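Each structure below appears as structure tokens.
There are two complexes below, and they share chain A, which is joined by chain B in the first and by chain C in the second.
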Partner chain A sequence: MTVNKRIIAGILLLILIVGGSYFFEQITKAQGSRNGRLVPVIQHDETTAYLDAGVIRQLGRQEQEMNKDAGETGDNGDNEVSLGFVLGSAGVAGYQYIEVSGAGDSEDIKLGPRDIGGIVLSSNSNSTFAMADKAGGNRVIIKEVAKIYVAD
Partner chain B sequence: MTNGKMRRRSGLLALLLFTVLLSALPLAAYGDNDDGPGNDQGVFKPLGLVSATLDNGTSIIKADNVPLKPKITMQFDKNVVSLIYWEKNKRCFHLYDENGKELALILSKINDTVDFTKRQYIWVEPAGQLAPGTGYRLYVAPDLVAKNGGSTLSMTTDNQGVTIRFKTAGEKTGQISGPAIAAEDAPPDAAAGSAGAAPADNKTTGGAGAASTTSTVTGSTGTEPAPNAAPEDTTVTGDSPATSKPLAEADLDQPNEAAPGEADAAKFAAVQRGRRLQNIVAAASGILLAGWAAVEVSRRKKKG
Partner chain C sequence: MLDMEKEKMSADLKTPADSFIFNIGLADAIRLTMFGTLISVSRFVFQLPIGMPGHTSVYWMGLLMLGKGLIPKFGAGTIMGIVSGVLAIVFGLGKEGPLLAFKCIVPGVLLDILAILFLNKLESIWVGVIIGALLSWSKLLTSIALGVILDIPVVFLAVGFGYAALLHVIFGATGGVLAAVLIKRLKPRLASSWQT
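Presenting the complex of A and B:
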């Protein structure tokens, strides 16, 4: 192979690697969304943020820290964070309702701004996270959250 | 193999190497702006403000003819939009009028998980129209933290935060009637904080077709909380030094504040020069690469 061919092959390889990386990212996101490991928050038909179990744990710690700073005593557990805090962190603010879908055949849940008070998200051991109603005796509403849709 | 051929090959390889190195330079500089996890001793690079500009690209720092509804693009040198710290960071932004009254702000960001290139930008917009011919002070608290959790704005501002002064266009008319959040004129959903009790406007802004999200930060100084605000909304500014010392008149004349237009002006200018240079180098390397490819193609055509 001549030097020129090698150079062209090298450039093609680079293009392939870059293109492949983007493709792989898209595939991973699509797969993650399907099995509840990467949960998109969708507003205005655009994904505004992605959440996963690790983010939920970190947000839980942040919320506890901020509650402590504010002198409040939050009753959320170690791997829990309130839904309101998660939405605020994702930059979601004014909305009419949110619709939370679960992985598999679980039903979609609609929640208005006033309904989310006692709702928490808690990370599961399989890298997914669940939605529970803390106010209603910690009842699990969705076992594996797959999508959060925000409607204006 | 003839000497000519060898020389040509060496030249080509040298050119390729040179191009790769040129391309790598901006990448290295880009990487340098990344957050970094901090070193073994837990020492983090400081977080700094790079620029604060209006839509037309002009700096708002000490600007005089600022529109009455400015949308300010604040660029920092690290990721400040990570959702882990967004609730904390959005409480660091405050706008005060000449009387020290805090005004509501709408903050927008584009999540780094959605568009990584916008991770250093926060868009700041007053919730209402500003009064003409009036001086305002945009204050960013030193607690602003980068995604790495260790780099804070206090590191580059001597724990003072950043203060940006500007004046709106037009003639001052009587009493200042800024967009302070009063119960009757608050946006119906104006609030910030964690309970998600219907705060803020939502709209799509920003570049790259990515969805940006907005939050309204309400002021608590001398204002009433929004009617449907969550209880913690009234403490939105609680972690800021500006709240514990709510913009005394003396503050407005403080000469040694860490305002980017003052003490740090030279530093900001240097950073911007550096960025311009990076862009030029990147463009030059791209042109060189394209030129080299064109030469190669034409040479091969001639040969063929």
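Presenting the complex of A and C:
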């Protein structure tokens, strides 16, 4: 094979690599959203943040440290973080309501700014996270969160 | 018998390290070490706060290819990769810890293989584009693999992967072009003085 033919093959390979990378990203994101492992926070029809169980754990630790610094006790568990803190971290403010969808056939839940006070997100063992109502006796509202939509 | 041994010994003394490592002489190994050091130092010094993934590939892949182009021996890329990897750990570049060395070694090893596939014509602009882009992309792929090893979910690693791949390819290709131009200019001048 001459060098010119190898160059043409190389350029085709590069095109394939870039196209394949975009394809891989789309497929993985779609799969992750479907099984609740990658949860997009959508505002103005654009994804403003992605959440996963690791992020929830990390935010939970941050919230606990902030509460400790502020001298508040905070009643969240080790793998829990309040929904308000998560939304604030994602840069979401001044919304009318948020709509949280679950993986599979679970119903969508609408929550206004006043409703999210006792709501927490807690990581599951299978890299997903659940939404629970702390004020209502730690009742799990959505077992595996799949999408958070913010409406202005 | 004694004469033969003496002759052999004197020949050894004339060329004490013709095959220091990977059939590469000591002089070339030292030059490659210099290139490896330059790669790490350039990454350290020229890291720009422009928020574009892969922009270091311009000088990283450029220097890697320049070293291989000027010392076209099998193993040259690997030596530069190992040296830059060890130095990257020493300098504390990146967030991967000791695993960071793989990000430097993989493009080096790949360069040795690709140079053979492209008949060592690293002075060609198009070969520079292709090899530079592939090396840069291999670096990105190694980062993803390290992320998987470090237990980061694949879905999170995949976010922005297409954009990052495109930028890595562009910056790597740019580095490859620069290297090809420099190899074309420097190789004839260094050919006589850099012979081991």
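The rule we apply is simple: the second predicted complex is superposed on the first by the 152 of 152 C-alpha atoms of A that agree within 3 Å, B and C clash if a C-alpha of one lies under 4 Å from a C-alpha of the other, contacts with A are read in each partner's own complex, and residues count from 1 in each chain.
We adopt the following convention: contacts are C-beta pairs under 8 Å (C-beta built on N, C-alpha and C of every residue); 3 or more make two chains touch, one makes a residue touch a chain.
Given the structure is predicted, the values throughout are model-derived calculations rather than measurements.
*Asks:* Quick check on the chain A-based superposition: chain B and chain C, clash or fit?
*Replies:* clash
*Asks:* Given the touch rule stated above, what does A:62 touch, chain B (first), chain C (second), both, or neither?
*Replies:* First partner only.
*Asks:* Once the shared chain is lined up, is A:3 touching chain B (first), chain C (second), both, or neither of them?
*Replies:* Once the two structures are laid over each other on A, A:3 reaches both partners.
*Asks:* So, A:70: does it touch chain B (first), chain C (second), both, or neither?
*Replies:* It touches chain B, and chain C stays clear.
*Asks:* When the two structures are laid over each other on chain A, which of chain B and chain C touches more residues of chain A?
*Replies:* On the superposition, B touches more of the residues of chain A.
*Asks:* A:43 in the overlay: touching chain B, chain C, both, or neither? Say first, second, both or neither.
*Replies:* Once the two structures are laid over each other on A, A:43 reaches chain B alone.
*Asks:* Does chain B (first) or chain C (second) touch A:106, or do both, or does neither?
*Replies:* neither
*Asks:* Considering only the touch criterion stated at the top, classify A:117 as touching first (chain B), second (chain C), both, or neither.
*Replies:* first
*Asks:* Once the shared chain is lined up, is A:89 touching chain B (first), chain C (second), both, or neither of them?
*Replies:* first
*Asks:* By the touch definition at the top of the document, which applies to A:127: first (chain B), second (chain C), both, or neither?
*Replies:* second
*Asks:* Would you find which stretch of chain C runs into chain B in the superposed arrangement, from 4-12, 22-30, 58-66 or 76-84?
*Replies:* 58-66
*Asks:* Please write out, lowest number first, the residues of chain A touched by both chain B and chain C across the two complexes.
*Replies:* 3, 7, 50
*Asks:* Where on chain C does chain A make contact in their complex?
*Replies:* 117-119, 121, 124, 126-127, 129-131, 133-134, 137, 152-156, 158-162, 164-166, 169, 173
*Asks:* Within the complex, which stretch of chain A touches chain B?
*Replies:* By the definition above, chain A touches chain B via 3-4, 7, 43-44, 46-51, 55, 58-59, 62-63, 66, 69-70, 72, 82-85, 87-95, 113-114, 116-117, 150, 152.
*Asks:* For chain B, which residues are in contact with chain A within the complex?
*Replies:* Per the stated touch rule, the residues are 9, 12-13, 16, 83-88, 108-109, 111, 113-114, 189, 191-204, 209-216, 230, 232, 235, 238-239, 296, 300.
*Asks:* What residues of chain A sit close enough to touch chain C in their complex?
*Replies:* Those in contact with chain C are residues 3, 6-7, 10-11, 13-14, 17-18, 21-26, 28-29, 31-32, 37-38, 50, 52-54, 127.
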